[in-house]
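Order of writing sets the chain letters: A, B, C and D. Residues in each chain are counted from 1.
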Amino acid sequence: MSHNKETLREIVIETAGVNPRKCMKCGKCSATCPAYDEMEYHPHQFVSMVEAGKIEELMNSKSIWMCLSCFACVERCPRGVEPASFIEAARLALIRQQGKNHLKAEDVPAKLNDKLPGQAIVSAFRKYSK
Amino acid sequence: MQEAMMRRAKELLADGTVNRVLGWQKGEFAYDHTPAVFDSADQLEQFVYDDFTAANLSKYLVKETKQEGKILAFLKPCDTYSLNQLTKEHRVNRDKVYVVGIGCEGKADVEKIKALGIDGILGIKAEGDNFVVETLYGNQTVAKTDVLAERCVVCKSRKLMTYDEILGEDGEVINSNRFDMVEKLENMTADERFAFWQNELSRCIRCNACRNVCPACTCEKCVFDNVNSGIANTAAADSFEEKMFHVIRAFHVAGRCTDCGECSRVCPQGIPLHLLNRKFIKDINELYGEYQAGEDTDSKGPLTNFTYDDCEPSIVHERGVE
Amino acid sequence: MQVEKKEFKPTIVAFCCNWCSYAGADLSGTNRLNYPANVKIIRVPCSCRVNPMFVLRAFQRGADGVIICGCHPGDCHYTTGNYYARRRMTLLFSMLDFLGIERDRTRLEWVSAAEGAKFAKTMNEFVEAVTKLGENKRLEDLRCKKQ
Amino acid sequence: MQRIGVFVCWCGSNIAGTVDVHKVAEALKSEPGVVIATQYQYMCSEAGQTLIKDAIRDHKLTGIVVCSCSPRMHEATFRKTAAAAGLNPYMVEIANIREQCSWIHKDMEVGTEKAIILGRAAIAKVHLNAPLVAGESPVVKRALVIGGGIAGIQTALDIADAGFPVDIVETKPTIGGKMAQIDKTFPTLDCAACILTPKMVDAAQHDKINIYAYSEVAEVKGFVGNFSVKIKQKARMVDPVKCTGCGLCVEKCPMKKVPNEFNLGMDKRSAIYIPFAQAVPKVATIDPTACLKMKTGKCGLCATVCEAGAIDYTQQDSFIEEKYGAIVVATGYNPINLDQFDEFAYNQSPDVVTSLEFERLTNAAGPTAGTLLRPSDGKHPHTLVFVQCVGSRCDGAEKGKSYCSKICCMYTAKHAMLCREKYPDTEVYVFYIDVRTPGKNFDEFYRRAVEEYGVKYIKGMVGKVAPQADGSLLVQASDLIEGEQLKIKADMVVLAAAIEPDQSARPLATMLTASMDTNDFFTEAHPKLRPVESPTAGVFLSGCCQGPKDIPETVSQASGAAAKVIGLLVKDSLTCNPCVAHSDELMCNGCSACEKVCPYGAITYQDKEFRMPDRTTAIRRVASVNPAVCQGCGACTVACPSGAMDLNGFSNSQIMAEVDAICK
């Protein structure tokens, strides 16, 4: 099902529960983001993209899967804008569509290795599947 | 006790410390003794003191102390609280009163005797712990404790607060549960409370007995009698004005009322007016700390005082039953 | 003939202290923040000037809600006025509640000269609460009722 | 019967836009006592006022009601108009049909109906107005300045130059404030001490200025023109008269390990100390918490060394009571506490400093005698990182301040420029969100830092500062223009911390009943039109106590406040507010409930003789209100059960008449 640009943006903002307009473009979230280098869109860009309504590009980007959801950006943002919530909302908007689960339960055992902490698996399921 | 008081009064009259005596004299019946001023020893023959001399004499001192000479006053413990409060408000000149504090075991309430179905009362004699009531239809005996006045059942203190001498023994402050009825009302729903007070206050005939007897209500000219006060009214035209008179009167005496219970005692319609004043006292105690009006003659009353961290009025919304 | 039910519009009397809440009301006006028109404001020098008589008078004359606004404790232009108002109004509201009058008909709110938005929000909330309660039946004086 | 004139103002379209002014005038014409009801575009204009004056004369009006904007705007104007036409100025009532009616209701019909009701309430009130005459109260021709920074000094100098005596109260042992701690000042880079100390000396030598250093305001009573202030002089244990400031005691004092507040704790001072060389008054002060003699009774070396015999260990705090006509608040600012910002590792590494600490490090009288060295190992820093907006422009609720602190961009440009100029080998980064340079020669100054001195300005914030094992600081920041994440090894990090009011401001505001905003800055009477006065009459604001500002603005505001004070002190007496309480002796019970609630102690009692109803005379205790002291708050009118106490201008009957008119 395709959403037109307006309702998708509203859904993302509503699920994130934060007002993107509060962002004053200081870039502190990107400064603290440990996964900065692997992302083509950086945390401060998520916020301005959500505000501009460019949700499709965000959903098709690699960045939303690179986010470790360590919430450093949420902790450090002086205006309380919570960029991580926007990434999470974008992810949810994507994986909630039909058959878009990023992580299927059956291909987990293949990825397992002993160094992988249990918590990582749990958080992966939280992030990557409905 | 009556003889001791009469003897003492005569002595003080004779040696000139006082030139008149404030006490009670027999009324029409055996139970309605009225306060009276006795100027001479032989007038004192009329003097009476028993379980029905319940009137609080301190309010009479407002007028009496304006006259010449010192006056002897017999005050029960709860009366002495009122005298302290009147002294604090400069309504009574304390040095022109010679106070004889009298111990008190509680006064009887004739309405309670009548409520037991006894009528046609000719005389009442106290014998030990009960009363012998002579009536047209023969005698009845009634236990004193069954007909004790409500305010004496929940008496707050038998301690004499101010006195120049004592007859009988001084008592102690009593930790009584005088707020139970108020609590019961508070736990009712708003509709039940409204119905209760609508029923009670609708019986008010605005005889102003409560105002005239209240030792805290000593204004030179009462707001309700003063034509240009804006709320002058001497008779309640509808249920609003019935409530308004009693709420504003309760507000004026709030923080000053010593809970002496006179207003309910004299109310011909038997309206429990003391509950309004006790509600204010209970609120003040709970919200701003224990305060007993009349305990001293210099402390600042709760409504002429404040602390920086008093509670907000919204507490009324959070408390109690919806 | 179907009697058109006149949509209940409460009459609200607001006592605003000249230094803070009246200025707050003006500020909410300057910012064009609207609140219902049935709130009418009476200017008093300080919240401690509001006598319980005035509150009862307002209810008698047909008001459905009375709200008193004053400076935040500590900000009073007369240093201690609002502390006395706080005690008096707490006891008055408690007594009205004791008599069974609906609690939401009376309210006290601290609004500073810089809080235009808060003033408008408070008024909107208060009118909504009073409208929910309906007409003031328990403290009404029939002679003053609008026919 | 009153003859009332009603004048409805259009206020251009402000009122006429959503209120049918003709209908309002028409409706109010039929109110009892109204003889004329007209409307006009601008009642407050010259023409409007003439319209009123003519109406008063033609219709012999005894009272007027103006339905217009808030009384707080033009009540005074219309009172003057009435007075000019011979009508008592207090027979004027204003119905606020703009801020509280036309501006907040869109629907014309609703607005008109409400305007009519508000008009009726004002008419009901004016019927009961009594002509009042404003009393006079004397003005004490002396001013008090609280705070001895550049703001306080400048205000005091200006007031003293106008010939009025001024007292400065400063909590620290010397005046000078924050400016004394600053090295250079922007935008001209002249040395702060060089331009400040002459003013401090002028203040000390000025015969009209009296300085209470090491003192604080304990209590303020009274009102404009008539304040009585109790000043607490903290004990210095040194007699200010005898002490010559030679500093011998400071040298000889054995206890040398006390953190020196003047250098923000970056070096140590002795127990008996003089904050800095040019201190005014140049008097030693003993720190009782550190002095061995005070704590253990041993030592006493300074007393033996002092030739002037100025040391006196038994000195106690003393109080001075003084009368003033005006009070100026100049309590200044402090950098905020940075504990909440642990991402910058301010508490973890001594090399992360605030800008004020950086000032001290570059200052010749500072802990490193002017050479910029790393506080941790004293080495020369090669790479410096300046971080802007630390704690400023946050959401203000849990963390930091919501406002911009205004001066950081400029002083950081100054620091960066000085650092590059003195140490060309250093690399200086400044991470900013926006560089704000709103002043004369400000932007040119910032461009010089970038173009001439090569300061690297990077748009983006620093996210994290991590102290490394080798003592350097790893700064992780984002460069929003290049879209990169930078990791810089820095030797020093300077945080441009937000500034907040001095913590002595809040208790002082309560004492002065001056109101403050949620950030504890003093609220000005009007943000644009009266920025140097507090709403509380007689209290004036100078410098950062009213909001963040730089030195040029502080000095101009200080002179502004001084001008206002001089305007007040020139008057011999002030017309005082006639809307004061008065007691009806016949009804007064003398129960002193009113005296207990009066905040100004304006009520006294006396025994008076009265003819009683039964032709006897009696002495009765009755209250009487002193109109000069009473400010008209009305607390007494409610405490008085019998209604004897009433308030002019807001009497019981008037307020009840307004209630009736509104509810009708």
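Note that in this section a contact is a pair of C-beta atoms (placed from the backbone, for glycine too) under 8 Å apart; a residue touches a chain by one contact, two chains touch by 3 or more.
All of these numbers come straight from a predicted model, not from anything done at the bench.
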Chains touching both chain A and chain C, listed by label: D
Distance from the mean Cα position of chain B to that of chain A, given in whole angstrom: 75
Approximate Å spacing (C-alpha centroids) for the pair chain B, chain D: 53
Whole-Å separation of chain centres (CA-atom averages), chain B against chain C: 36
Distance between the centres, which are taken as Cα means, of chain D and chain C, whole angstrom: 31
Shared-contact residues (touching 2 or more other chains) in chain B: 223, 230-231, 303-304
In chain C, residues with contacts to at least two other chains: 52-53, 57, 74, 80, 84, 88
Chain-chain contacts as defined at top: A-D, B-C, B-D, C-D
List of chain C residues in touch with chain D within their complex: 11, 13, 18-20, 22-23, 25-30, 32-35, 37, 40-46, 48-54, 57-58, 61-63, 71, 74-81, 84, 88, 112-114, 120, 144, 146
Chain D-touching residues of chain B, taken from the complex the two chains share: 66, 89-91, 218-223, 226, 228-231, 252-253, 300-301, 303-305
Chain C contact footprint on chain B (complex, rising order): 185-186, 190-198, 223, 230-231, 237-238, 240-241, 243-244, 247-248, 250-251, 254, 276, 279-280, 283-284, 287-288, 302-304, 306-308, 310-317, 320
Residue ranges of chain D touching chain C (in the complex, touch as defined): 70-72, 96, 98-101, 103-107, 110-111, 113-114, 117-118, 121, 509-510, 513, 515-517, 523, 535-536, 579, 597, 599-600, 631-635, 637-639, 647, 650, 652, 655-656, 658-660, 662-664
Residue ranges of chain C touching chain B (in the complex, touch as defined): 52-53, 56-57, 59-60, 73-74, 80, 83-84, 86-104, 107-108, 138-143
